[in-house]
Amino acid sequence: MREASVGAAALLLLPLAIGDYWSYQLSLYFLYAIAALGIGLCWGRGGFLPLGQATFFGLSAYLSGLALIAFEGSAWLVLLLPLAALASGLLAYGIGVLVFRARGESGPYFSMITLALSLLAYQVANSWDSVTGGFNGLKGIPGLPGLDGFTAAYYVAAVALLSSLAFTSWLLAAPLGVLWGALAQNERRAVLFGFNTNQLKAVAFGVSGLLAGLGGALYAPQQGLVTPQLCGFLLSADLVVWTAVGGRTRVLGPVIGALAIGALSSELRARVQFWEVLIALLFIAVVLRLPQGIVGLLAPLERRLGRRRHRGQGLEAPPHLEPRQAPRLVVDATSAHVGEVHILDRLSLELDRPGIYCIIGPNGAGKTSTFNLLTGELAASLGRVLLDGVDLTGLAPHRIARLGVGRKLQIPTVFPELTIADNLSIALWSGRATRMDLLRPRLKRWSNPILAELRQRYGFLDDTERKAAELSHGESQILELTMALVAEPRLLLLDEPCAGLSPEETAGVIDVIRWASRRLGATIVVIEHDMSLVKELADTVYVLHNGTRLARGSVAEIQADPTVRAVYVGGEK
Amino acid sequence: MSALRFAFEGVIGGYGSAEVVRGVDGAIAAGEVLCVIGRNGVGKTTLIKLLSGFLPCWHGRVLLDGRSIEGVAAAARRSLGITYCPQERPVFDDLSVRDNLTLMRAARDLGDFAPYFERFPILARRLRQPGGTLSGGEKKILSFVRGLAEAQPLALLDEPSEGVQWENVLHMEALIAERKARGAAFVLVEQNLAFAERVADRYLVMDQGRVVLKGARAEIDRAQLLTHLHV
Amino acid sequence: MDPLLITQLVNVAYGVSVLALLALGLAIVFGLLGVLNLAHGEFVMIGAYCAWLVQGWHWPFLAAVPLALAVCGGLGLLVERVLVRPLYQRPFDTLVATWGLSLLLRKSAEAIFGLDYRSLDVPLAGTVDFLGATYPLYRLVLIAVSVVLLAALLLWYARSRTGTRIRAMVGNIELAQALGIPVRRLAAGTFTVGSALAGLGGVMVAPLVTVQPFMGLDYVLQSFFVLVVGGLGSALGLLSGAAVIGGINSVVSAAVNNTYGYFTVLITAILFLWLRPRGIHARG
Amino acid sequence: MDQQHSPLRRKVLQAAAGVAALGLAPGALRSVLAAGKEFKIGLFIPLSGPASLFGPTDKACAELAADEVNKAGGILGRKVVIIPADAGGPPAESAKSAVRLMLEEKVDMFVGSHDSATREALVSTIKGKVPYIYTPVYEGGECAFNVYCLGETPAQQVQPSIGWLTANRKTKSYFLIGDDYVWPRKTNEQAKRYIAADGGKVTAEEYVPYGAPNKFEEVVTRIKSVKPDAVLITLVGADNINFNRTFAGFGLDKDILRLSLLLEENTLQGIGAESSKNLYSCMGYFANIKSARNEAFKKAYAAKFGDKAPQLSTIGVDCYAGVHCAKALVTKAHGESARKLMAASQGLRFETAAGTATMRGRQVDKDMYLAECEGTEFKVVKTFKNVPSGSACKA
């Protein structure tokens, strides 16, 4: 915090040192830097790259320009300019909701859409003379009332930049920021914890739109002219490049990039003929040599300054938002297929009372597919899945998870780049944190008895600041199991929880599962091949074959069942 | 096929700066199966990656018929007659099962796979399905079939039975036996002791990156193995 | 049938095929290899300059084809080695790096050839009667060429296993090596071929447009839209993408005007990207 | 071009100063020149971006003019120094350069040759604090305080050329095609008026998106379908070239006549000899105008830059006129106050490459030349004397 305030003070005193021209020069790049901040947030944290941020910069610039002209000198502008920025934020959010809901993924397609939007915006701005002033732009925009001269412009921009920086760092530190990082690393895992990742990504994009909008809204009064280029591809590309060169993974990166490259290029522009070559070489060099960007160079320094985050006193996590009682799950003659291949064929299960159920069956019998069906990741073509009478078919996976359905995947999936603490926090927030909660840093201090008791068993969980990526295969299995348990689901699906574990570790896990089923009073469903484990675990066993149910009963009954013997012989370690 | 001999001496290696395998020796001849067992995280997978060339040997030698090959690139080792089936991501997710099997063949025809399909009819039924849509066990089976069908003198298999249900594990055992009969050698990393005990000719038990017990199956009984598998 | 209508129809065919021709290289580099190469347009530009040079040396126009293939291919090989190879696992960084590269190539072209608008004499100049309409001969030839190239690509995908191996490599590089695929060589080869094809596209369009260092910008974004709309990694994807983007552009431009044509293209592209997750022809 | 020319430029300037000191300059000025408070001109020309094609010529012409002015004793005895700045980037970048030139270089005058958006940006940044001479062909009607425009206006290009074509080439129907931005639209407004006045008719008016990858097969086919006598082209740069090449490619050049309103030497090179049949241009200057003044100008230009000299064109030589205009303006006003300058501008006469121009209402009445293309050469078919700019601003 102290460094921050020092930096802020320095920024505000700077004009005295550098004089009018440089103040003016910087004040423009401050605005670009604000827009770049948004890209850093989406790209560096959220894992998706917006390629058309100029769309929002330009839109707000036009809006605020029109407002300034219409209400010259009026006090209303104090309200109107923020609205101009907000408009972009909302537009971006809206686009985000639509696109992410339809596409879900964060790959180049999203980037392409935003790119196309900025090309479109450019043409509209260019052709719609009556409103935008066409190619020549919207001219004669008055400055902000009472603020003229280069230094005033500088202070407006500087204050805007500082507040944007503060706002962004606050967001990234908040649980919301942690979740953005999490979904960038493993979106599915986040969904299975009941987070609407598409929503979260849309919010991130909305924030980036808001920041771009703020930059644009202030551009109009600063420059007095708004031209179509502001919406165009070239500015969009510049913003991305600045972000990349500055370093997208840290808040300051985009700012440094925008200021350094921006100022550098406008200095070279007049002096060196082939200045663009130098700039291009710089991009390439940085991308190849410094993946972390320029701020990456500061990393060692950071480490020296960097103190460990103090999470402070643990807080008792609140109860779940949805009521929790022992579930009653009925899968009623449900079928599903991928392409033309039938995966589930009129499968029926009744998990009517708490306890441990094991699902066994030959490979390809549809065990994991059954789990996918229950978590809403596999669409049913026929039949219903009822959880306490609520039909789950057609519900989004995150909604189902919110109803108290937890899952541990076959291959251990945690959030590798997050600390153990953050991994556990995310599990604790699952189904407990409201939208507003996600902005409250104190959520990071949440804990609950289950976690405390599991920490007793597994010491490595106390090494809170360790990255999950550094864990061994076995440890990450345990971490994911722990995460699944501390979320306190009513219905917990465990897909081969002992895969790749030694007999020693396996014994431990079996014990934990038995303990959890009592402790949580939950229904636990386990997919397991190893009959010896099934014997230890199962109250009831389901045998699946070719996507349908072959038998149901106690271990003894199953082993006695001739039809089961016919297709299935349990192996032993 | 000449009687192959595969050996590794004092192999040391790991990830980044972390030394995971700390000097391991072993050898097998044609028609033998060497089972590498041990608790999780003792370096079994690391060892097999060192042997297959996906990790560089910091020290030690890997000898194929007396020729030291630790310098040979991973991609080039297949042409030396070495097959490798990794533990994680064992198949090409966005390729069809058919393409997964025939990728390195001139033609897409599946003639030589008939014996495998007899034992694993599930694959024959899934030929047009992308590998990624198979269940964990099915992927392992696909990977196993792809590997054995390469019909090479030496195969390095990393946990072929993981997630595979017992009946199919037995099919794997049978197929391995057939290849052995034809003089093929196997290095097998296994968690499933029951399976290991059925296929292994020799054991190599690891702990903390070192060999703690090795020898022919006859010489070592389950009790000894278990002592090393428990802490 | 009204010859003018026929002419407009041929214009559509021309629009589609020229777009397919220009996107061909990117279909390999991005569609198969998954490299977001923003410098694609500059490879096209270099190809066009090759054609211009050849004319300056009074060589036959066709001599430009091997020259462009060699120059762009060689350049592609170099770029892959220096710029692309380190970034295979970081697609968005490739985006930035190749954006830098495109600047670099544009400026180099400016330094070597100057900014002056260059123009070539059209080989096979003049018009011919075609279905009752008079149409420029060279444009018809160009349609034929791109049809042939697409057919060849289609065949290659169907016959050769290379396409599948490239996808395998991109999907799971370790396993690909385990199967004995020489991944470095394959990747380098793929990028080289793609760059060479971009150059070929440049040669083909050079006689019809003005050749200058900035021409590439016009082509790169279009090509990307063609591919994402059509679907990656399949010749049919390339074809259908070109058909949608180029077709709509031509039809609307013919029926209304270019401005609407351009707007419609952008909007269509957005709708496809949004609602058609894997494009028209998803691969695999 | 900085790197190549600046040393040369410096030499020339030194030479000029030297010459003056030797006493060839009028004695009254000698001491002043020696004291040498420079008269700084900020020259805005495209040094990056597609338009930077014109940059070298612009710069060369301005420097030539500066030499001549300095030889003749500078501006009010002060040596003229040209400080180039890039106007090829986004308008905001140019605005920043303008601020730099005002604050750090303390320039006395701006001369600019660039697009209208950048002009608007500069006007709203300079705010008349420094006189600003805008030289290239443009849409007309720029009347901002302390701004002076030298370029051809639509009125000057369209009125005489349409009249002549109607009279001599019997063109009755026109097809208007242009890039979709202000200059083409304003120009076509005028054109439509004059065409109607001459009893002709406009069969269609079309615009293509500016800065988009345009292809012209469809437009050309449409033109073919309406069969106009002439096509009036207000496309610029690459669009202009690609349209004309497509037009000729479809064989329309034989019987449909074209008048392009932004067609100078470079663009014609791009269009190429094959495609320039029946193509006309109307500009205030062509490199091969046959006039004593132009010959003298070209001799001086060749003498200064040798055979490496960048291609002369109307856009470039307007910068030459710009510097001479600056001298005339300040000399006549005996000072640099905006009021004095604006007053002095009325009826101001100054040198251009083609002859002498007269400023009225801060626009310029000038001779216009209608040329027919022969291969990649312009052949002037008609000269129109002292065509009024059609837009006047109050002094």
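Worth pointing out:
Lettered A, B, C and D in written order, each chain numbered from 1.
Rule of thumb we're sticking to: a contact is a pair of C-beta atoms (placed from the backbone, for glycine too) under 8 Å apart; a residue touches a chain by one contact, two chains touch by 3 or more.
Everything numeric here is computed off the predicted structure, so don't read it as measured data.
Among the other chains, D has the CA centre that is most remote from the centre of chain A.
Separating the centre of chain A from that of chain C, both taken as means of CA atoms, is a distance of 35 Å. Annotation: 54 Å between the Cα-based centres of chain A and chain D. For this pair, chain B with chain D, the centres built from the Cα atoms lie 77 Å apart. Shared interface positions of chain D, i.e. residues touching 2 or more other chains, are given as 180, 209, 212.
Residue positions 221, 259, 262-263 of chain C each touch two or more of the other chains.
For chain B, residues touching at least two other chains: there are none. Pairs of chains that satisfy the touch definition comprise A-B, A-C, A-D, B-C, C-D. Residues of chain D that touch chain C in their complex: 49-50, 52-53, 180, 206-209, 212-219, 221-222, 224-225, 237-238, 241-242, 245-246, 249-251, 266-267, 269-272, 274-275, 311. Across the complex, chain A meets chain C through its residues 43, 49, 98-99, 102-103, 105, 107-109, 111-113, 115-117, 119-120, 123, 127, 233, 237, 240-241, 244-245, 274, 276-277, 279-284, 287-288, 291.
Residue ranges of chain A in contact with chain D, taken from their complex: 19-21, 24-25, 28, 122-123, 126-127, 129, 134-137, 139-141, 150, 219, 223-225, 227-230, 232, 234-235, 266, 269-273, 275-276.
The touching residues of chain B, when paired with chain A in their complex, are 38-41, 87-88, 122, 125-126, 128-129, 133-138, 141, 159, 162-170, 191-195, 226, 229-231.
Listing the residues of chain C that touch chain D in their complex gives 4, 7-8, 11, 14-15, 18, 115-122, 125-127, 134-136, 138-139, 208-210, 212, 214-215, 218-219, 221-222, 249-250, 253-254, 257-259, 261-263.
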